[in-house]
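The following pair of complexes shares a single chain, chain A, combined with chain B in the former and chain C in the latter.
Coming up: the complex of A and B.
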């Protein structure tokens, strides 16, 4: 099991009573959460539990109905530009301009993020991701795994403090999943990024995350470090069983 | 400001990658060149007829030869057809450019990534408008160069510096008129979820402004439809048409554009009115056009604030 040597007790993501309602349904119900700097936080939940809604609010894409959230000490509503400067985001099934090359896509996004030397930075990031000779290919020609890596590249171009990943392993083959896991851990250890990861894959949480949170029907039903979770539920043989036990209780 | 310029330059590059834009721009420029050729051909033929007549009359011993009537025609009359091309092709090109501008991003699905960048919605929309404006200004500049250069070849009144000034004001007016339609295309591509409906609505607006409003705003004067010529028929000024004229005249952008262009180019009265006179007499129409453009920019910015990039639509 991985332990994160860089995590500290400085909260970098804080939500208070964060709520999102759509017409008559509550997508997220009074979420109170605090994630410390340097953590790899795995956010678990069934489809429709409210994980993507949470990430969308934390990344300033949508406004909460009530409550508040702060990332890197900035309010996601009132200081959205400051929040955007310190975050990177990889949406589920990341999309780009398919008619442009990988380099052109990255260059545009780097410039928008205020990166001073886009070319240098793109090369550095591609090297970090062990990605060679791809910048001249059009993105329409890329495989899912390659697109996902370009997706991570765009998210880390400006060296964000917090990286949000929404179902990053969705649609990847086992090799792609393994590579992505390696990248996530490398980003956390070498660049000190705090990572907030929405996922279905419990095996990934066990191999990658330091802390987990479980969301059920818009409510946070559990949050603790992975180490404590395994100690607390030592009778359960796997994380999967813990997850279902928690779900059954609620 | 830097972000606005980044978005604007990306917009220009993206538009020039699109085949549809190339095709319509090509047609527009081809029509401009064709208009120049038609003018050249018409006036050269007329000039040749005059010269042949002079030779014939001289041979018959006629001494009092009338002056070449072509020399009394303002040089800018040869731009007449451009007014129609701007109304019909230019405005439609602008609608498509504006529509594609945001629809390209909606289609690609990159908005979730774009909207988490430190870019304010104001910078984003200003960047889009600047990019669209630059492309339209580029198209109008090429049109201006082709038209002005070809007018030197015509056997009409010698083109003067003042004429060039009139022509430039006309081309700038055409640019503003096209920008209005580009912004209509942009606004509805943000507001309307369905891609086809987002294109259909601004095209309906174009049809209304080009064909319907001029008729109602001028009391069914047939010549008001497209041609910037002197009115040949008295307008209907009774009942419904009287009311419609009063209500719709201020917003009849197509009619205002046609009138002002006609006065600038000298096609309405066979003489160009001084620029200052056209601008002062039509200041309300010019303010209306600029205010419409400004309103569309503001509405686009508001619509973008409410746009949900995950859904690809606006929350009601």
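Coming up: the complex of A and C.
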């Protein structure tokens, strides 16, 4: 499925020599990356490759050891508040506030994002996600798939330009994965949102993303559009083989 | 300011919907209510008996000069309440402080908050305002219940000075409970695994709430004999002071041990305010304040130290963002 409807050559996420070290280990090594507005970027890599570390730095959660990054034209270190205003983020395995209802969770997070009319905005977002009659239910009663949709809802309440998703399909059943894929594509097509998605599910990348990047032991070993990737490795039977071929070369 | 209020409101709502907190609170209120009710009823019965005897003597034409009205200090009824607050109240505050941070860590909600346009300091201040407002509500609920039981069950009219003393005790209780809340929040923020923080907090609670005051009490000779040790062997206060001068090292050590306990400072202050310690009974607020200024300073010192430390830890701690498996 090709979704690159609104992508342009305006870079919206740029990193320069972005590096993160923890004690003696390097989690991310001199990452240089540029993602254009309107892309759905699939960030691939094994567990522990440095994907979450990268997202954590891009979303202002942690500071890099060296190098720099900018999102929406703002430096993640020097203009973190501006960056936070233009991004939405769904971390991996977030459980929200289970004593509150879905609506209360969304209202709380909308207010913290500075949304002016939270009630109107929540209704609008829930309608967009085709999610109704759930506002009064406590989140403890939700399935993983429904929680993930609430997760997307909280991330887009303030109409961000860039949406970061960390392993969004983790723990979802096939139906949940299909629904989430539909939402991601809809957000990109209808709202023009740039999406940065961490994943290790190659099949999802093939069905959803326009561009991919492969991270191996903290180093970016590959970055290209999905179309070019499939053309370049035309003799390879699947994206999975491409992934392992790249991994073997490094 | 709006965001701080939003966070505070959510914290308050979250806590009152938590069954652990509600169970402890209900337990505390029931215990306080029972002890106050029994005490007030006992006084009521004594007064009724006195009135009946008085009327009977008058009716029989007997002299009433030998009949003495039962002496009663209503604020002393609060002794059991203060002791419950020292132990159960502290547990309640610890559970609040622990849950306030541990739930965020366990549910991985902090990345949701810290990627929004709000500083960590502001977020923690919101948490602080919400939880301290909750502690104020607990104190208000408890002490209003107490005043209600004394007035309506005991049939006792409290003077404005007595009400002021109860309100000041409520304020001291707020500070005391907040110290435990802040300490639990600090430990849970700093430690990677919240369960370890809870164990550490309870060890500290056990030591300073139960063990240290017991050591101090056991070492105090006056506490070993009903009515006081020197009183029992017919030695008056000036003489006892002279004798104690021979044991200054012992007294310094005993006092020093007690000084380390937050609970002891709270107890000394409230027992003086409520006249539970007889020498403060009927004394003015000014007198009690001057005599107990050290306890006030200790409590405020703990409050502001833990408050500042927890705010700093929350604003800085990298541990907050580590996932708890």
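Following the convention adopted for this analysis, the second predicted complex is superposed on the first by the 248 of 250 C-alpha atoms of A that agree within 3 Å, B and C clash if a C-alpha of one lies under 4 Å from a C-alpha of the other, contacts with A are read in each partner's own complex, and residues count from 1 in each chain.
As a working rule, a residue touches a chain if its C-beta (ideal position, glycine included) is under 8 Å from a C-beta of that chain, and two chains touch if they have at least 3 such contacts.
For clarity, every value in this text was computed on a predicted model and none was experimentally measured.
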Clash-or-fit label for the pair chain B, chain C on chain A: clash
Which superposed partner A:56 touches (first chain B, second chain C, both, neither): both
Which of chain B and chain C A:66 touches, first, second, both or neither: neither
Segment of chain B that clashes with chain C, given the candidates 62-70, 242-250, 260-268 or 278-286: 260-268
Shared contact residues on chain A - chain B and chain C: 56, 59-62, 81, 84-85, 87, 89, 91, 93-99, 108-109, 111-114, 154
Footprint of chain A on chain C - complex, ascending: 2-3, 6-7, 10, 13-14, 17-18, 103, 106-109, 111-118, 318, 321, 323
Residue ranges of chain A in contact with chain C within the complex: 56, 59-62, 81, 84-85, 87, 89, 91-100, 104, 108-109, 111-114, 154
Residues of chain A that touch chain B when the two form their complex: 52, 56, 59-62, 81-82, 84-85, 87, 89, 91, 93-99, 108-109, 111-114, 151, 154
Residue numbers on chain B that touch chain A, as the complex places them: 3, 6-7, 10, 14, 17, 104, 108-110, 112-120, 308-310
